[in-house]
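In the two complexes below, subunit A is the common chain; its partner is subunit B in one and subunit C in the other.
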Partner chain A sequence: MIQIRNVSKSYGRKRALKDINLSLPHGEIVGLFGENGAGKTTLMKCILGFVSYTGEITLDSEPITPKNISRISFATSEHSFFPNLTAQAHKEFYSEHFPRFSEKRFRGLMDFFGLPMHEPIRGFSTGQKNQFEVILSLCQGADYILMDEPFVGNDVFNREDFYKVMMGILEPTETVLLSTHLIEEVSSLVGRAVLIRQGRIVGDVYVSELEDSGRDLMSYIKETYHYRADRVSKAIDELTGEE
Partner chain B sequence: MKPHLSVLMLLARSTIYKVLGLLLALALVEGALFHLALVSNGSGDSGFVSLERAFAQSRIPIVFGVCFLVMTILIERTGHAPGSKQEYTLWRLSVSERSVFAWQALYNTSCYIMLWAAQLFVALALCRLYLLRTNPAFTSHQTVLLAFYRNNFLHSLLPLDEVSRWVSNVAVIIGVGVTSASVPFERRRGKAGVTAFVRAVLVLKLFNSGLGNLDVDIFLSLFGLAVAGVAVYRVWTQGKEVHVKYEN
Partner chain C sequence: MRIDLSRHVPPGFDLWYELRFFAAGMTLAASWSLSFLYRFVSALWALYGYRGIERYLLPGAVMPDFHTLLGNALTGFLILAIWWIAAFVPAHYAHHVVGSKSIYLMRRLPNRWELHRRCWTLPLSVVLLCLIVAAILLLTYYGIYMAATPEECLTPHQWQKIWSVLP
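Up next, the complex of A and B:
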């Protein structure tokens, strides 16, 4: 389990995360939702140790160090692959550094998405690069897979395919923390939703609980964010009304 | 050891074909310029041009400087380049970032040695071409030897018995190799490294120094080793283990 206790992070004077407490047990698919600048990416970077923070983050009660960092993988829309290398070269490189790298899963996903094995990644389209980024994160044998807006630039059919494949291949022990704006698309995929706003966790709920209470994820998010449904119609009235 | 070698392979796979292509381009461009210099001076007795002058007219040091600059830009892109945050992977590897730096320093230094060797090979080939094309009455078995003493660039490429120049060549190559490895390391932390242009000027200065210029040799040797030392110190103090947090 990844345990996040009292984690805060500031960039200069701006507080990006404020006293975050969160636990990520095995085998969950967790959606991390929030507007731009809410702190989703910063939270992931804190978990990975890419930025400094105050508080404590542990993985199965141990601090996250080079010894256990391979248990967490990361897919980001910024991409983290080596553009001049081919997919084949990535496979060989990752196999050396991530002992549980799954070649079978890698080949299967590369075949499924029809990505070339022997072309440098820099020649891929944006959508293909995103696919490759996610494939790498899914094949490292990590117990925790952090995905930060991984499908930016992919078309809806492509994303749909990926969700289905991901659901099909994930082992019961694998945990996914998925940050995205595409709430409706992933609402059937995630089992739990964590809402973050201005650096604070403002909601944490299991989708099954929502269903039991007759609500859906989107309405819960709107409710938590105090979304005013009449805001748009009022604005249009004001813009088009007579003076 | 295999993870370490895989880092070296990553560096080589990322740039080796471009580096080799660059060396080929260097040979072709310098060959063409040298040929033009010979042709522009005519042929036969009236068109005699000394070997040193032919080299000076063909602007070979400038081509070498441009190749140095391009090679530096190429090899510095591995580890930090637009379009991908490679640091997110490098910080999660089973080898430390310091090790990645050490392998990159070794690889980059090897690339610069290859550039030096390729330039020397091309220069010797052009000397051979010169001897074939020039009236034997104007050349002797010492023509090439003398050119390598008289021409600053040729002499710096192959300093013969001038030990201080060999030392400064090696020191500067180590200096540029190590600093070019520290540039992506610094950029991963949002800092700028020593610019490639400054290093190109340093190398051109070295390769433009005349025979017996001991002061310049000593200065460049110390400077090359000093910049390498500073780069290693900065990596050593900043490049802690993967999980250590970096302020972005």
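Up next, the complex of A and C:
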């Protein structure tokens, strides 16, 4: 379990995260939702130790260090692959550094998405680059897979394919923390939704609980964010109304 | 045993680009070191006088010290080594944030030194090679100096005098 206790992070004067408390047990697909700048990426970077923070983050009660970091993988819309290397070279690099790298899963996903093994990644389309980034994170052999806006630039069919494949291949012990703006698309994929706003967690709910209470994820998010449904019509009225 | 150099630079870094720089730098530094031979041969000729076509050693002629003739002949290797560290170590680190953020991958490898190993190995090897080549040339030039200079023109303690120029 990844346990996040009282984590805060500031960039200069700006507080990016404020007293975050969150636990990510085995086998969950957790959606991390929030507007731009809410702190989603910063939270993931804290988990991975890319940025300094106050508070405590542990993985099965141990601090996250090079000793256990291979249990966490990361897919980001910024991409973390090597653009000049081929998929084959990435496979070799990952196999060398991550003992639990799954070649079988890698080959299967590369075949499924029809990605070339022997072309440098820099020649891929944006969608293919995203696919490759996610493939690497799924094949690393990690127990916790962090995904930060992994599908930016992919078309809807492509994304749907990915969701289906992901649901099909994930082991019961694998946990996914998926940060995305595509809430409606992933609502059938995630089992739990964590809402973050201005660096604070403002909602944490299991989708099954919502369903039991007759609500859906989107309405829960709107409710939590105090979304004003009339703001669009008001704005249009103001913009089109006569002086 | 064949060494795969690409394993010692950042993944995807253009190794041949770096090796071409290295070859050019070494050629320049080695060429510059030949200035010793020019100074040495000039000094050697100055020890002699000529009667017609007959050459004779000038009475009381003294060969300038080895370190004087060496001058800055090996400075090219020092410049090359310093330049390599100053230019390529930052370039290697920057490689991980240009085009993608592969720094995210390198920083979460179980081997925490892999990023630094790949950024520093080749530059440090170049520094080492510069030192080795400079040492070999120093010994070679010293050997030439001692072998080709008439014994009566040599002043003693030439080897010690080399190090006396060091602070």
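Basically, the second predicted complex is superposed on the first by the 243 of 243 C-alpha atoms of A that agree within 3 Å, B and C clash if a C-alpha of one lies under 4 Å from a C-alpha of the other, contacts with A are read in each partner's own complex, and residues count from 1 in each chain.
Throughout what follows, contacts are C-beta pairs under 8 Å (C-beta built on N, C-alpha and C of every residue); 3 or more make two chains touch, one makes a residue touch a chain.
The structure displayed is predicted, hence computed values, not measured ones.
Superposition note: with subunit A as the common reference, subunit B and subunit C are in steric clash.
Within the superposed three-chain model, A:N36 lies out of touch with both subunit B and subunit C [touch as defined at top]. Look at A:Y53: by the touch rule set out above, it reaches subunit B but stays clear of subunit C. With both complexes superposed, B is the one of subunit B and subunit C in contact with more subunit A residues.
In the superposition on chain A, A:S61 makes contact with neither subunit B nor subunit C.
In the superposed pair of complexes, A:T240 makes contact with neither subunit B nor subunit C.
Aligning on the C-alpha atoms of chain A brings subunit C into conflict with subunit B at a single listed stretch, 24-32, out of 24-32, 60-68 or 150-158. Within subunit A, the residues touched by subunit B in the first complex and by subunit C in the second are 48-50, 66, 69-70, 72, 74, 76, 78-85, 89, 93, 97-98, 122.
Chain contact summary for the complex, subunit C toward subunit A: residues 10-14, 99-105, 107-112, 114. Residues of subunit A that touch subunit B in their complex: 11, 45-46, 48-53, 63-66, 69-70, 72-74, 76, 78-85, 89, 92-93, 96-98, 122. Those residues of subunit B lying in contact with subunit A across their complex are 2-3, 6, 9-10, 13-15, 77-78, 81, 83-89, 91-96, 241-248. Within the complex, the subunit A residues that touch subunit C are 48-50, 66-67, 69-70, 72, 74, 76, 78-85, 89, 93, 97-98, 120, 122.
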